[in-house]
Amino acid sequence: MERQYVIDLKEGARLKQVFLCKHKNLPVDRNGRPYLTLTLADRTGSVDALLWEEAERQARGFTESDLVHVAGKAVLFQGRLQLHLTEIRKAEDCPLPATEFLAASRVDPGQELDELVTLLGTVEDPALTDLIRVLLDDAELMEALRQGPAARTIHHAYPGGLLEHTLSVMRLADVICANYGQVLNRDYCVVGAFLHDLGKVRELAVSQGIHYTDEGRLLGHLTLGLQLLDRAMAEAGTADDAAMHLRHILLAHHGKLEHGSPKRPKTLEAFVVHRADELDSALTSMKEILEQSSANGWTAYQALFDRYLFRGPKKS
Amino acid sequence: MERQYVIDLKEGARLKQVFLCKHKNLPVDRNGRPYLTLTLADRTGSVDALLWEEAERQARGFTESDLVHVAGKAVLFQGRLQLHLTEIRKAEDCPLPATEFLAASRVDPGQELDELVTLLGTVEDPALTDLIRVLLDDAELMEALRQGPAARTIHHAYPGGLLEHTLSVMRLADVICANYGQVLNRDYCVVGAFLHDLGKVRELAVSQGIHYTDEGRLLGHLTLGLQLLDRAMAEAGTADDAAMHLRHILLAHHGKLEHGSPKRPKTLEAFVVHRADELDSALTSMKEILEQSSANGWTAYQALFDRYLFRGPKKS
Amino acid sequence: MERQYVIDLKEGARLKQVFLCKHKNLPVDRNGRPYLTLTLADRTGSVDALLWEEAERQARGFTESDLVHVAGKAVLFQGRLQLHLTEIRKAEDCPLPATEFLAASRVDPGQELDELVTLLGTVEDPALTDLIRVLLDDAELMEALRQGPAARTIHHAYPGGLLEHTLSVMRLADVICANYGQVLNRDYCVVGAFLHDLGKVRELAVSQGIHYTDEGRLLGHLTLGLQLLDRAMAEAGTADDAAMHLRHILLAHHGKLEHGSPKRPKTLEAFVVHRADELDSALTSMKEILEQSSANGWTAYQALFDRYLFRGPKKS
Amino acid sequence: MERQYVIDLKEGARLKQVFLCKHKNLPVDRNGRPYLTLTLADRTGSVDALLWEEAERQARGFTESDLVHVAGKAVLFQGRLQLHLTEIRKAEDCPLPATEFLAASRVDPGQELDELVTLLGTVEDPALTDLIRVLLDDAELMEALRQGPAARTIHHAYPGGLLEHTLSVMRLADVICANYGQVLNRDYCVVGAFLHDLGKVRELAVSQGIHYTDEGRLLGHLTLGLQLLDRAMAEAGTADDAAMHLRHILLAHHGKLEHGSPKRPKTLEAFVVHRADELDSALTSMKEILEQSSANGWTAYQALFDRYLFRGPKKS
Amino acid sequence: MERQYVIDLKEGARLKQVFLCKHKNLPVDRNGRPYLTLTLADRTGSVDALLWEEAERQARGFTESDLVHVAGKAVLFQGRLQLHLTEIRKAEDCPLPATEFLAASRVDPGQELDELVTLLGTVEDPALTDLIRVLLDDAELMEALRQGPAARTIHHAYPGGLLEHTLSVMRLADVICANYGQVLNRDYCVVGAFLHDLGKVRELAVSQGIHYTDEGRLLGHLTLGLQLLDRAMAEAGTADDAAMHLRHILLAHHGKLEHGSPKRPKTLEAFVVHRADELDSALTSMKEILEQSSANGWTAYQALFDRYLFRGPKKS
Amino acid sequence: MERQYVIDLKEGARLKQVFLCKHKNLPVDRNGRPYLTLTLADRTGSVDALLWEEAERQARGFTESDLVHVAGKAVLFQGRLQLHLTEIRKAEDCPLPATEFLAASRVDPGQELDELVTLLGTVEDPALTDLIRVLLDDAELMEALRQGPAARTIHHAYPGGLLEHTLSVMRLADVICANYGQVLNRDYCVVGAFLHDLGKVRELAVSQGIHYTDEGRLLGHLTLGLQLLDRAMAEAGTADDAAMHLRHILLAHHGKLEHGSPKRPKTLEAFVVHRADELDSALTSMKEILEQSSANGWTAYQALFDRYLFRGPKKS
């Protein structure tokens, strides 16, 4: 039986295949008998599922974040498809790559990486060009950047999200520099934007969902990014003064102590990278949220922004 | 005797002419005799001055913010020029324009106004083009925008500053829109940026210094700007929905309640105008502050940013 | 069958009539079959209801905030009445007025309006009496004030609540003025209290529940109230100075920027109106909350006040 | 030579008499010679004074807050009277009462005390009337209330200020109760208002200026007031429940933890006393500040309110 | 049938005995029939229970915090034991002491009390030794200290917890003093630590759970502790200066106004007691939380500390 | 002429020698003539000085923080010694060590270093002992620790202060561990305390006063300390898990994001080091401040603690 993606499921379809189990519950009915409620996912979306037969025994065989092999069929319930399962077990040796089960970027990472390299190619300061070469030549790092998410939830929380966000911040830094001319050192702004979130390749791990690593939780991506940068600068032989400025941009990019930056931006370039990062994060989150606004134009309450958002004026 | 600008004063020069009196003090020496210490200004800068003869009597004749007619000479003291005066009195009928005594913009307002009109000319939404025409046709308003300061102190605090700041925010809104494509309604972002600080033409008055008006202090430029906008929209016949969105952008542009916006940005467009405004204000203030940094690259403590600022990396 | 109010329901009563549907849920039992749980309301209160037959099909026919026609009977369950329904559908052409389905004020609005007019009649300043006349002559506005709620939830959240609150704030402003004699301008305090929440007639809409309007959420009742006031002052020919003071009182009545006032009170009169408003809102909320305190005198935790409240000392 | 009050000083007058020394400085001129600058006060106001002869020796003989005997004359300087002294020494055995040297209340304390007693006389609850009698019979306490200041600086900071403030809060509590009828227990509001600041008779000491006592600084007037109240309640035999409510009103009257109340108001009565106290303090401070506003109606920046204040609308 | 402790329950065991009912719910199944879900507890732990027969009738007979007599058996469900009951009723005359139903301290209170007395015995200042004797001689107070909890929830929330916490704070104060030598007055630190939470014997009541008393909620343990201390100092004849310092330590031990101290620590000794208290509370809470960390070393989110906690480095 | 220390100066003494110039001002008298006011310091204290002859010319020759060669004499003025100078010039080749001009520690650094080494010698975990050896063997680092200050101002702001503070925090961590037994990993607490402020050897530079380095201001001692630690751990071959825990303790020791820690303490050991650091800093600052309290026991207002401090109870 061919594998079916969540996005392609039809009412009445029967399936025997693997999904990622995102949520699992074992509530109990009035006779003290448990049944399973599940959320199953692949890279195209997620679907609710239920299982009543031998629920307790079957529930023992897997946990959340496992890949699971299920058998059942798709039924229409309250206008939405759900799966009624007869069987579920841990998928021990799933040959499919982990990315089959995670939300995916909607843009082409190859094209984005090209644009990123092109932007870095416009940097003229020789104190930075060697460092750029060392970083771009680190194939493992570049692959991690290309595959990495920028967050566990909220915005850019999917493989490729880190690259998308990094590139967008670089573009914003670039156009802001254009507006202020000689006032800003464009080279440092662009390279700083490139560097700012690199530490996320060690803060977040992707494997059947996106998780924080232990060092991610205890040290954070600013510190981890600094270690990556230090190693690359040692290899590139970056001069002390340039090194100090780049470290400061990276450390200060959260903008405020209470947002986890141990130092606040004290140079114009650190300030620009901080604000470009903040702007891209906020606008991308808002955009995603507004895609789920109601017919009346309003979203539900958004704790992230402590407000309701409203779809803005229509294009004429 | 020809009038001499502060910037052109030479040691030993004698002068009899008008300045703006910015500060005036009448301290007393140990014999109980007062003497006058003053700060005098024209549009090119300011200079300290002292007067010992009949200080008390002469001090009665004017107050701070008066134009004063002085006689004296320039002497070098501790490496800086100061004026030793023999005479000072209020300049009752000074034929010079007020702008002779205020700091001036370094850019050409005519050219800036052209760029602003050109940017507004790219707006396509017919719901907005009528409004734009009404506002641009209001010669008095356009002159006030061209002459107005954007603040009493800090950034853009000189005639022409309002136009400089408005144009810069419009440019930033424009390039941010370019980065996010169809997600943002560019027309509303650009027009919102144009409108956001218009109320300052009634909040601030220029006459021998920049002052807040009473209604500026009691109502603020958001409310005053809304009244200007309402009048123009009534004349242009702006549709209710467009009117509501523009009013929201204007009201929300301070971004937070505690910064004086009665509503926070709830549309993407209001958010973009807010962040573009904030970015231009901060970068312009920092730039001006950094021009006064010490030889070691650091500025004095800046209460506005609650930090010391550092001259960033040098251009290679 | 005669219509029965919630407050009059008896165990065993059968009914076929219209209610407002305030909440609607469609949970599912272990066989995958949904059932409906509802909260139904009229102006005397609300009651829970359940429906099992063809729950999914019937649920499609209406949404929350609809008027619904139901058939069923009242049963006693755990000491409280609930409705067991067999049928529910949207009530398309309900001839009853919307106020039949909303909580109602316990005081007589006619008598309150009389007292309000009487209080305004004591204002002596000719700069204000013309304005008062214009506002009282605006029949539509006065009707909106009389019918309007002062909030969507919490205190005075029912038709007539706006008038109740407005009058109470006027009374408090009046007695506070009496305590401080010539220090305060009583006329401005009383008129300011009258004006302070008028914008709520456009911020809130009543129709099967109380809802915020779009302009209410994007602009707020301070800005909307200012527009009402501006129009009335234009008609009354109010002098600029008086207009500025009244606008300030209205804008500043929330007292703090973070509560949505773009300017904080800077005159004694604006301060008095702010504090009278705050006092009436808090005391009325607390009073309503304390009516639901437990036998031991304590209420549940109140997020609004971030505390538990206690019934105070008994009257001797 | 008859004693002259500050308020009655005339240019050229010679005087030999006692003042309170509020400020004392010993600056030095360029020859390394010190001279004395002083602020001298009596109950009608204060005046600047200077002394050049043997300034250092004479300065050794007294400190700030001493009563000093001076000889000198009044001269007009910069439009204001100042004293030029030839002699100054500590006034060891000044026969005048301390109140001769402190700012005085403008109202009649006897009349105020009568009104306070009358208000307490309207209390009906027998659980409170015994306590009232015990307190009113404590002649020492009543005298301290009558003589005491309500603060060291800011509002009511003069002998009699405590009585003025206490009475005003009682009046406000009374009229607020009248507006809310049976909702509030008026007896507890009025008695609570009477009690709320009693502890200030031990927190502040008057002797050549107003000072905090050590226990005032380490324990505060809430705790000290509670001790006074506990003693009186023990004598009056106040019932436990009434005692608990009164203690709560007293402890909670600052309204917030961060303002020094260990518990926030949890009964309506505690809330009313808190708000009445806050209102009287704020309005009285603002009134005093506004008396010093400039010709343009604005005061200087007021750190207490974090704003500039504006004289409100004129009485017609 | 012998009574069985929760900790000793075995699958299949039948029991007829008394528990404390900590939580009680009466949800309803799809046929409108309620069933009971309960949490039952004794001093060794707690267990979930269900009851289906005549649930509504049986539920009427008791409320949360009652001791209940139950009949049923223990079944294994989802790997955990739960009780399926057939009968539940209020246990009217349970002969067992209340402590049988509360979590218990793991340390020996007798031994702790000995250590506390020994520590107090090292105090040398005669101004304090009389007071110590009065307090230790108050058998009722000492018994309340020995039996009392230090909190309703969180750390030390069991009989004996107050003694544990008090002793630990005394020990910390002692070793901190040792590190700073003559700088600190060790006697006041040790006695202050002993006194700091004594008021909790009146703030909290133990009877089938730990509850706040009314005076606990309206006055708090700082104020109640001060009353205990005042009485003991009156009996011991403590000198005014010593009394003031002890009162200050007690009042200030929460460290900040917003944590409920009406005065912040102003002496070194008050500061030390505050920090020792804070340290013991935090470490004890964290220790208890970490005992429930997952296999990966992390706990669930802890609102008390606004973070996730991690089991630290293992002992080598 | 033999060099005289500030602490030994006598009235009338003449001196020709070197001091550190801490403050320099050039005010002007009424004839427009400047004079110099100075604060001069050596390691025993500081003294005010004045110079009138050719003040402007002499002032050109040096700036604040210079070592200066002066000639003059000590005079008694207002009960305090001051220097009246006739000559001042920059001391170009002063043979004295910089420490001659800085406040000095009152304790013996050699003895302290011994105690620190002894404490580290009690660490048993082999994962840490190698690292300890590497650090103790780094002679340059140990010398920097021994010579370094712990702050630029406030507490421990003198050479040796870093060692004093580090040792005190280690001692506190040690005794806290003793109170909680097996709950805490004592080895990590002691080593973490040793490491916590090591980065200050690069954040602060001593040379005629204590100054922040550029990297100190842009990166901070947490980041700089982490780099030192990383290098030592690489050399010692510290295992990943131990490395992660030590890094976390170091990064988290400021306790809160807003105090500059990019991560807050998430292990008990990180929490203990944070609190021990905080306690030592606060107590040492308070102790120093209290040494300057007035006769009445109170200090001046202390912005650092936002309060006045009071000398606590006297030792009996």
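Per-chain residue numbering starts at 1, and chain names A, B, C, D, E and F are given in the order in which the chains are listed.
Going forward, a residue touches a chain if its C-beta (ideal position, glycine included) is under 8 Å from a C-beta of that chain, and two chains touch if they have at least 3 such contacts.
This one's a predicted model, so the numbers in the text were calculated from it and none came from an experiment.
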*Using the touch definition from the top, list the chains contacting both subunit D and subunit E.*
C, F
_Relative orientation of copies subunit A and subunit F, as a Cα rotation angle in degrees, nearest 5_ = 180
_If I list every residue number at the interface of subunit C and subunit D, are over half of them used by both copies, so same, or under half, so different?_
same
*Roughly how far is subunit B from subunit C, going centre to centre by Cα mean, in whole Å?*
44
*Centroid spacing, where centroids are CA-atom means, of subunit B and subunit E in whole angstrom*: 62
*Would you pick out the residues of subunit C that each touch at least 2 other chains?*
29, 214, 217-218, 245, 266-267, 308, 310
*For this structure, give each pair of chains that are touching.*
A-B, A-C, A-E, A-F, B-C, B-D, B-F, C-D, C-E, D-E, D-F, E-F
_Taking the touch rule as given, give the residues of subunit A at its contact with subunit C in the complex, in rising order._
29, 33, 35, 50, 52, 75, 77-78, 84, 296-298, 308, 310
*Residues of subunit D defined as touching subunit C within the complex*: 124-127, 168, 171-172, 175-176, 178-180, 182-185, 187-188, 241-242, 245, 264, 266-272, 275, 279, 282-283, 286-287, 290, 307-316
*Spell out the residues on subunit D that touch subunit F in their complex, using ranges where they run on.*
26, 28-30, 32, 34, 56, 59, 214, 217-218
*asked:* With touch defined as at the start, can you tell me which subunit A residues reach subunit F in the complex?
replied: 214-215, 217-220, 222-223, 226-227, 230, 244-245, 247-248, 251, 257-263, 266-267
